[in-house]
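The structure appears below as structure tokens.
Chains here go by letter, A, B and C, matching the order in which they are written, and residues are numbered from 1 within each.
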């Protein structure tokens, strides 16, 4: 018999659908939530990520050492809780059926709900390639698209991509043993919708008070334009083979160049899908919508939002053959950014990140107040705002594929 | 008189960096053969004294070098035998400054040495040099200025240091022609060591007294690379880089260690400017032959060598964009490495950051 | 019969030691099993093609063992650990409606060896961790010569281990105040492969390619491979003439002859445990995969306690065979680095036994990566040994 007073909501993805934002809110408010009977079991900000690594038996650059036993610890806390518990991490989407069984079995007699947030493929596919480029890969856009659209799905890249993106399959793996009304699909609103809408949908499914918990309504957009992405890819080609160590790449290319400089440039062409892949993605989305409709899951939002917009808004700009003039502008911008950093014109990145990481390390209880103070001051002091943005990216990047 | 002073006053871009570095490297050995290359405690060359003499602001450096010329003169007067003083910006000295310099050396036998290279190579080289000193002018604009400016009693820096008859007239006043030596820079294709040997002959030293080679040279950079630098200069003015930072980051890290090693497309004079350049060179050759000064090398070296007919000219103001992006990516990598290798101000922060960063993502 | 039922039935067939491939089994099954639909337990999760094919291959090798069924259930009850392809369902006749989403189905006999190895490594880890933690080993210290000078072996880790054992068995004592030093030199690619093997045997999870790439990008060498530095630091302590450079296993030099003057002990001395075993490249590759999974499953102490038993098994199931050489992008680096080592050793004036040319990488005719097929054979054999 399931104990209906004990519920577990497992949010398993997908990436780039506001997951980090939700996890931030849950983490920062976990004490007040607990008083309301909602458990977000975490003593450190990446606790659910570690638990997922444990469940998936996934080595992660040495971090997995801290993940030993993390899933069982998480599950034990949930079994000991008498109300609602929430688990959230987007790499959980890749779990195999055997791993899902272990996860669901570990919650004891609680009523399990699976939650998946999803965004249309026409936005997800380019975003995933850009993430690849930001993680020092050199794969071209067309090569990436070829791998992703190949029905054979050979290789780790396609396996990972569809593992975290194929909504009907993720829900089948996670939800096939649950009644349809315990499977929740949250759709990401179309561009132009009010920014709070997505958060309100999450709050509705997770049983949270939307107004009380999320003071912020805006988040910086850190997506790269086409020439900027092309530039980063060329940098990757040059710095791989041991030229730049990983930690230096993270600091100076990803953090400084990508997040603090290139992604703030405006006016560059945005990365879209080429027409052929676009129509392929549209057809695929139709089959998803039809299938999801048939399965009768609880949908927060609308399946229609998974249908890509009719095309024709902007022409496709090929990042494999970018306008060299635009790339050279971005390149000059990047050189200047580095020079400013080196000349200490705009404050030292190291020192600033140090402050951020120190805050992160104090993640037990004082962190809560420190974070709130940071957040309050973010509007007044640009440096604090930057530190906060850095924290978020640290936070977010733990959800990236490996 | 027991002291002979060779005063080498330029011109810039005639292998002077290599020469001065080799003299400096072999100071001990030269001294054993009675040749003094007088350097102060923290000096690696005579730039400071030369700047003090010619009184040019030079990005605020002028005030740091006050008194250095007099100090150099004093060091020269303390030496016996042969003394070599060399700096290319001395060529810009005004008549009064020349008089002051000569007055300080009046108890010595002074020989004036001037080195010259043909204008078809000097104009692109000086243009690049100006870009390396944070100026923004395009090649076409630079060339136009050079062609329009007067070459006698010039005010334009280019001609103050490069106008052969003018420099020699200013500096050789009162010297007999046999004590004025013109070193010509060989045309391309000559043995690498030839210019060095010519300098040795001018200074009356045996090349064997300075056996240690120098690895330094003020190498030129390609057209796309120069263009990148111009773009950077435009942006850097707003960024507020100090001239110290500019020297270290741009001239050393970006230009010297990175762009100069790329071997890009050379900047050359446009074909249309060759007749004019040849005309100027012929005037010079005539002047040299009439003056009776000693030529080490061949005056014909001063005549520009036009490109083979039909060879397209690459306009350095419009280099291929992909080449420029490529150069920029090299610069980005060089600067990221420079940033990564900076000593960490707060001790073990690097290790700590590394540990934190490892969490983010492997590979 | 539904997909679920067919997979269930084939799984039962394999558990019982059957070895019929899936496509053939589908074709021939009605003759043997009749048409009655098997009852599939509700909680059963169908394994993927890789897991079932792994069981079939294991059955080919060891179905006669009564404990085989335990291995079969371990392999099908979990998915392959770490990164790889998504779990693929089994090929199913196209005219029968199946699932429209998820990883594409695959004929189990076409599953890449890499995926089978992954499944095997997962099962192997379960077997290793199922054994209760043993009491900590008491390390027996080997006896060292205190008064007279003994010997010390340095250099290529696998060769070094073998040499130490052999000398100990002959009764020579290690250590001493002014020992003779035997520096084991191997061709540079083998030297690196030995260092890789030694590191993996101590718990590292690095791939051969990644290991070589990492060192090729650095100025330094791994300490055990930095022969000139080892020789120099010993020469400073004991004198140049006592540092013997031994090149190549096949040199006519008898190591015992070099240490004999140091004093042979009359009574036999028990040799130290070989610290680094001579494993085949595929065995090292399996071990590094096991290390990767152990690192997310257990604490380092537990990992250290299960490794020696596994290393023993791997040494038994896979003969060492020819070694590895460095992958093509790093061969120029290996050659010039080896030449530098030879020059530095030459200029040190040490007694050299054999020709220093012997340090040049062999390259020709050697594998540049461990073979996946070999790794599959190793992991199958290791699983069957461990399940017993």
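Methods note: a residue touches a chain if its C-beta (ideal position, glycine included) is under 8 Å from a C-beta of that chain, and two chains touch if they have at least 3 such contacts.
Just so we're clear, the structure is a prediction, and the values are computed from it rather than from any experiment.
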{"item": "Per-chain Cα centre nearest the global Cα centre, belonging to chain", "value": "A"}
{"item": "Dominant chain pairing [most C-beta pairs in contact]", "value": "A-B"}
{"item": "Distance from chain B to chain A - Cα centre to Cα centre, in angstrom", "value": "54"}
{"item": "Distance between chain centroids, defined by C-alpha means - chain B, chain C (Å)", "value": "60"}
{"item": "Distance from chain C to chain A - Cα centre to Cα centre, in angstrom", "value": "36"}
{"item": "In chain A, residues with contacts to at least two other chains", "value": "59, 243, 402"}
{"item": "Sites on chain B touched by chain A in the complex", "value": "228, 231-232, 235-236, 239-242, 245, 249-250, 254, 320-322, 324-326, 328-333, 335-340, 342, 344-346, 349, 352-354, 356-363"}
{"item": "Contacting residues of chain A [partner chain C, same complex]", "value": "53-54, 57-59, 64-65, 67-68, 94, 96-99, 101, 151-156, 159-160, 162-163, 166, 168-169, 172-173, 241-243, 287-288, 291, 402"}
{"item": "Contact footprint of chain A on chain C as seen in their complex", "value": "43, 45-48, 77-79, 81-87, 99-104, 122, 205, 213-214, 216-218, 292-293, 295-300"}
{"item": "List of chain A residues in touch with chain B within their complex", "value": "46, 59-63, 135-136, 231, 234-235, 238-239, 243-253, 256-257, 324-325, 327-328, 331-336, 338-343, 345, 348, 350-351, 353-354, 357, 360-361, 394, 397-398, 400, 402"}
